[in-house]
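Next, two complexes with chain A in common: one pairs it with chain B, the other with chain C.
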Partner chain A sequence: MSDIQLNNTLKTEGRLSRPSTPSRARTDRAAQRTFFIITLVPVALILIVAVALVVRAYPILNSYNLSDLLLGETWRPNNGEFGFRPFILGTLWVTTVGVLLAVPPCLLVSVYLAEYAHNRTRTIAKPILDVLAAIPPVVYGVWGLLSIVPFVDDVLAPLSERWFGSVSIFSVTQPTGFGILAGGIVLAVMISPLIISVIFEVLSTVPNDLRHASLAVGATKWQTIRTVVLPQVLPGIVAAIVLGASRALGETIAVLMVVGNVPNIPTSVFDTAYPLPALIANNYGEMMSIPLYDAALLGAALVLLVVILIFNILSTLVLQRFLRRS
Partner chain B sequence: MKFQKKHFERRHIVELVIKTIMRLALFIVAGTLGLILWTIISRGLPSLSWEMVSQVPKGGYYMGKDGGILNAIIGSAYLATGGTLLAMILSVPIALYLKAYLGKSRWGDYVRLSLDVLWGIPSIVYGAFGFALMVLLGMRASLLAGIIVLALVELPIMTRAMDEVIRRMPSDLEHAALALGSTKFEVAINIITRQMLPGIITAILLAFGRGIGDAASVLFTAGYTDRIPTSLMNPTASLPLAVFFQLGSPYPEVRERGYAAALILTIAVLLVSFGSRWLAARLNRYTIK
Partner chain C sequence: MNNTHIQVKNLNAYYGKQHALKDINIEIPKNQITVIMGPSGCGKTTLLKTFNRFFELNENVNLTGEVLVDGENIYDPNVDVTEVRKVVGLLAQRPTPLPMSIYDNIAYGMRIHQMKKDRAAYKKSVRHYLEIAGLWEEVHKRMHDPATSLSIGQQQRLCLARGLAVEPEIILGDEPTSALDPISSQNIESRLLELKKDYTIVIVTHTLRQAKRLADHVIYMYLGEVAEAGPAHEVFTNPKHERTKQYLEGLF
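Up next, the complex of A and B:
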């Protein structure tokens, strides 16, 4: 290392001398201060984004009741009616379906990879999950449009009509295949890599002694997992799922392409929906001449941000506690 | 004794069943990836041509006439490169500060928490925030605005990925250097960055890949144009939006080219992903194990 410094000194000062200890200490202190200030940027950024949205959404929050905005059913910006209810419900439906579809396979896969799989299987599985995570949202949207929408229309809708025709949340309400179910399936695939990798990491914080103790008294592997490992990490698993849900809440382009974008109140998974991010993406940046429209859309972004921040902070705090133990 | 034996058998059957279901789940996940890639390749390949990647849209392109999406390819390259460079300026110091100065302190946990929260903010919210800011400053959709918003999207991804690898660096090296009298800054610059270079590059390329593919953040901020931008103030096209807009077209030929654009985007993202893995493996030779 001293050679490196010597070279650096030679280059900058042109004479053969080491920087003095006081000057190195000064550099260190200056660097520490600079790094500290840069580190404040992410902390400040959260506040800046939140404050900017509140300020820009203020006109609409000021002229309407918050409950009227959140629970209002009609969205007619031209008439000054801004009810977010269809959009909020649409977001909740799509996210819930996505998370419900994602959780069982994700749990199974992550437990398998953490507890059963050979190292070779893991080295094959990791790039698969990495690629799934790397595929851009818009490509997921194209896939949803080309494969999932026809699949829902041709396969799932007839199946549901035959077997669950009387159950209202499974009743087929419109004949296109676009809708909550298609959006949910696409979302489930998109959030899987995240959920799997987080649960995998949480599982690997369980000390091996516990597993060995359980196996030594004669339990099978599954018994060990069910009675020893999973109870240890249950909060971590819930946190991983909440993290996945928060990712699903904000997903825009992929959902927008398959969900139908009709602002109705959904009652069935085959209904179309119009989630908040899709509302923002489709309308923001144009039609700014309508009064309060711009504030209403930023209000939608604010609602989304608040829900996601709560989900995120809670799950991250739980996960930090888990992962620090290791 | 008999009862015990039966019990013994049942739990082994359960074990076998569970294991089979788990393997099945893994196959479903892997199979889904296969299905996605197959769909994109089989639908995108027929309309993929040299013309697509080497020409900008000509008159009537959006009605199915000649041209390509070079504008979007170059635009995305500019946007993602600019965003990544800008994010790097912040994320490298943050990651080094977390390791060399903060270690496992409480403040370090707060910084990590804030980065995780930033990571969770959806890119559409960054996009709306960026546009609101642009309106305030009287700016118009431009390459520069797109780069800044993309940098916001990439910053937490890059920093957290760097932090994850840097955190795993054994402290022995750090302690050895400190014991010899180095300052923490010298440790950060001379020891951590060299030892962790492969991880840092992987993190940068991970964020770059995310930047190429992100549509929601550049939707309002970068605009869309048929021309290749020549200055930071020009609006610019981007690949994800090229896919998105062409799919909305009533002309089947244009939609077909949207699928081809999706294939190009997928190939670009996969190249970045595998390239970073390969590069990290190569550079790993020069670190102390």
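Up next, the complex of A and C:
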């Protein structure tokens, strides 16, 4: 019955559609396949990079214990000592300080923008935040060098000595402003736009009906945000923070310019540090005559990649769970 | 009128440049159900939302005139908006359980206003208001389940109980049954009829039949103005205004 109808309509349409269909279907399939392959490129790239790093780092992985490499405290390539521990800890210290400094203000800013601000304020503030994200890292580095390092040296270090002198993580251990705190401050400013915009987006997924339900019984705006809105988006906030942290982990040039680059094991925020990205950027391509040096640096890159991948996968999982729930 | 609960004086409301409410002057009687009717976009909901100051939650709005609740202008700068909303409760169009347990939904407003001294008192009140909303029998064994696990009709009764728990004097309903099935709607309607002995109720509705079932007092709006207001039996049997007559006859 439907076949007859179809034939009829074809006849009344008065054109031959049969011959063109296969070629259109072919184009469609070809397009689909092409797009699929292009989508695979980034996935393949990550695999290729990971495999290449493993291959190039293989000599050092082969001649040393993995635990010796990861936990070794001394870095003297000339003596054949390749301990990554100062660099791994340096990376974690700078990132942690950066994230800790960034999160509270970011949370307040994004809550303000999403919940309190007028539309007009929002349309002005959001693009400015985006510009903040677009400033090249090297400019942040110069800013850190010219303002933050002296600020740490002249203001924060004396303050900390007076107020927290006895607390070991706040003890002033060296007389320059270079170090973890300066790196952390620069990082905090750099990752803030990302964290703010992700939290802002997450907050705007909360339906207005929920806010109104709370306001309708006489709750204040802040009570509504604290007891209804924020608990709803907690996983999203965590994901935003992890996203900011993984950006901070990989940040190279701006940190390198203010962090001091001394491979010691940090114990205080005023200590100098030498994060993994800085190690690679500073040394790769130089002194390549030292045996295993090249392999050691690429091993450092591999460690960094693994750490960042773990962070990213974590944040994706958390975000996905959050989105599925809402 | 001696038993006026809400009095609206020269009220004008604007969304940007759009003049949504034009010179509204009405009185809403105490312990009765007042039904606001009118075609879509006539300002029914806008008028309702000026009563609990929800109107100002929209951006770019402006309002002049007075709304007196118990003789006090709720738009006076010295008035605390949270107090207004405690006295004037709202039952929304769609049920909106808060993302917490059934128990916490009811206790929410009481906790916000720190209305009870201890846990036992909260527990007692939660039960009391669930009973008033006719929900206690259905939920008392699952008080700590998430409120979203209830059916839509149950959710709306939960919202009613949540609103009542902060001890308001007035209940606003913004088409409170439009998202519900007929049986749930009927349930809500019979709750409202019971509640009017203790509360003043103002309902916006689209359904003429619901209006006829509930209304003691009717406000008929047209294009942002009050076309007609008065006791239900007068408006329904002998509408003075041409527009009201047409609306009641279902001409538009």
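In this text, the second predicted complex is superposed on the first by the 297 of 326 C-alpha atoms of A that agree within 3 Å, B and C clash if a C-alpha of one lies under 4 Å from a C-alpha of the other, contacts with A are read in each partner's own complex, and residues count from 1 in each chain.
The rule is simple: contacts are C-beta pairs under 8 Å (C-beta built on N, C-alpha and C of every residue); 3 or more make two chains touch, one makes a residue touch a chain.
Note that the structure is a prediction, hence the values are computed from the model and not measured.
**Q** For A:Glu73 in the superposed arrangement: first (chain B), second (chain C), both or neither?
**A** A:Glu73: touches no partner chain.
**Q** Please indicate which partner A:Ala31 is in contact with in the superposed arrangement: first for chain B, second for chain C, both, or neither.
**A** The first partner, chain B, only.
**Q** Touch check for A:Pro137: first (chain B), second (chain C), both, or neither?
**A** A:Pro137 contacts chain B only, not chain C.
**Q** Between chain B (first) and chain C (second), which, if any, makes contact with A:Met257: first, second, both or neither?
**A** first
**Q** Does chain B (first) or chain C (second) touch A:Leu309, or do both, or does neither?
**A** Touch status of A:Leu309: first partner only.
**Q** With both complexes overlaid on chain A, does A:Pro231 touch chain B (first), chain C (second), both or neither?
**A** Second partner only.
**Q** With the two structures laid over each other on chain A, which partner does A:Gln223 touch: chain B (first), chain C (second), both, or neither?
**A** Touch status of A:Gln223: both partners.
**Q** Please tell me which partner, chain B or chain C, touches more residues of chain A.
**A** When the residues of chain A touched by each partner are counted, B comes out ahead.
**Q** Check the residue A:Leu215 against both partner chains and state whether it touches chain B (first), chain C (second), both, or neither.
**A** In the superposition, A:Leu215 touches chain C alone.
**Q** Scan A:Val43 for contacts with chain B and chain C and give back first, second, both or neither.
**A** Touch status of A:Val43: first partner only.
**Q** What residues on chain A does chain C touch that chain B touches too?
**A** On chain A, the overlap between the chain B and chain C contacts is residues 220, 223.
**Q** How about chain A: which of its residues touch chain C in the complex?
**A** It is residues 118-119, 209-210, 212-220, 223, 227-228, 231-232 of chain A that touch chain C.
**Q** So in the complex, which bits of chain A are touching chain B?
**A** 1, 4-5, 24-25, 27-28, 31-32, 34-36, 38-39, 41-43, 45-46, 49, 52-53, 56, 104-105, 108-109, 111-113, 116, 121, 125, 127-132, 134-143, 145-147, 189, 192, 196, 220-223, 243, 246-247, 249-253, 257, 277, 280-281, 284-285, 297-298, 301, 304-305, 308-309, 311-313, 316-317, 320, 324
**Q** Give every residue of chain C touching chain A within the complex, in rising order.
**A** 52, 54, 57, 59-60, 82-86, 89-90, 92, 94, 96-99, 108-109, 112-113, 159, 162-163, 165-166
**Q** Write out the stretch or stretches of chain B touching chain A in their complex.
**A** 11-12, 14-15, 18-19, 21-23, 25-26, 28-30, 32-33, 35-36, 39-40, 43, 90, 93-94, 96-98, 101, 104, 109-118, 120-129, 131-133, 152, 155-156, 159, 177, 180, 182-186, 188, 190-191, 206, 209-210, 212-216, 219-220, 240, 243-244, 247, 258-259, 262, 265-266, 269-270, 272-273, 277
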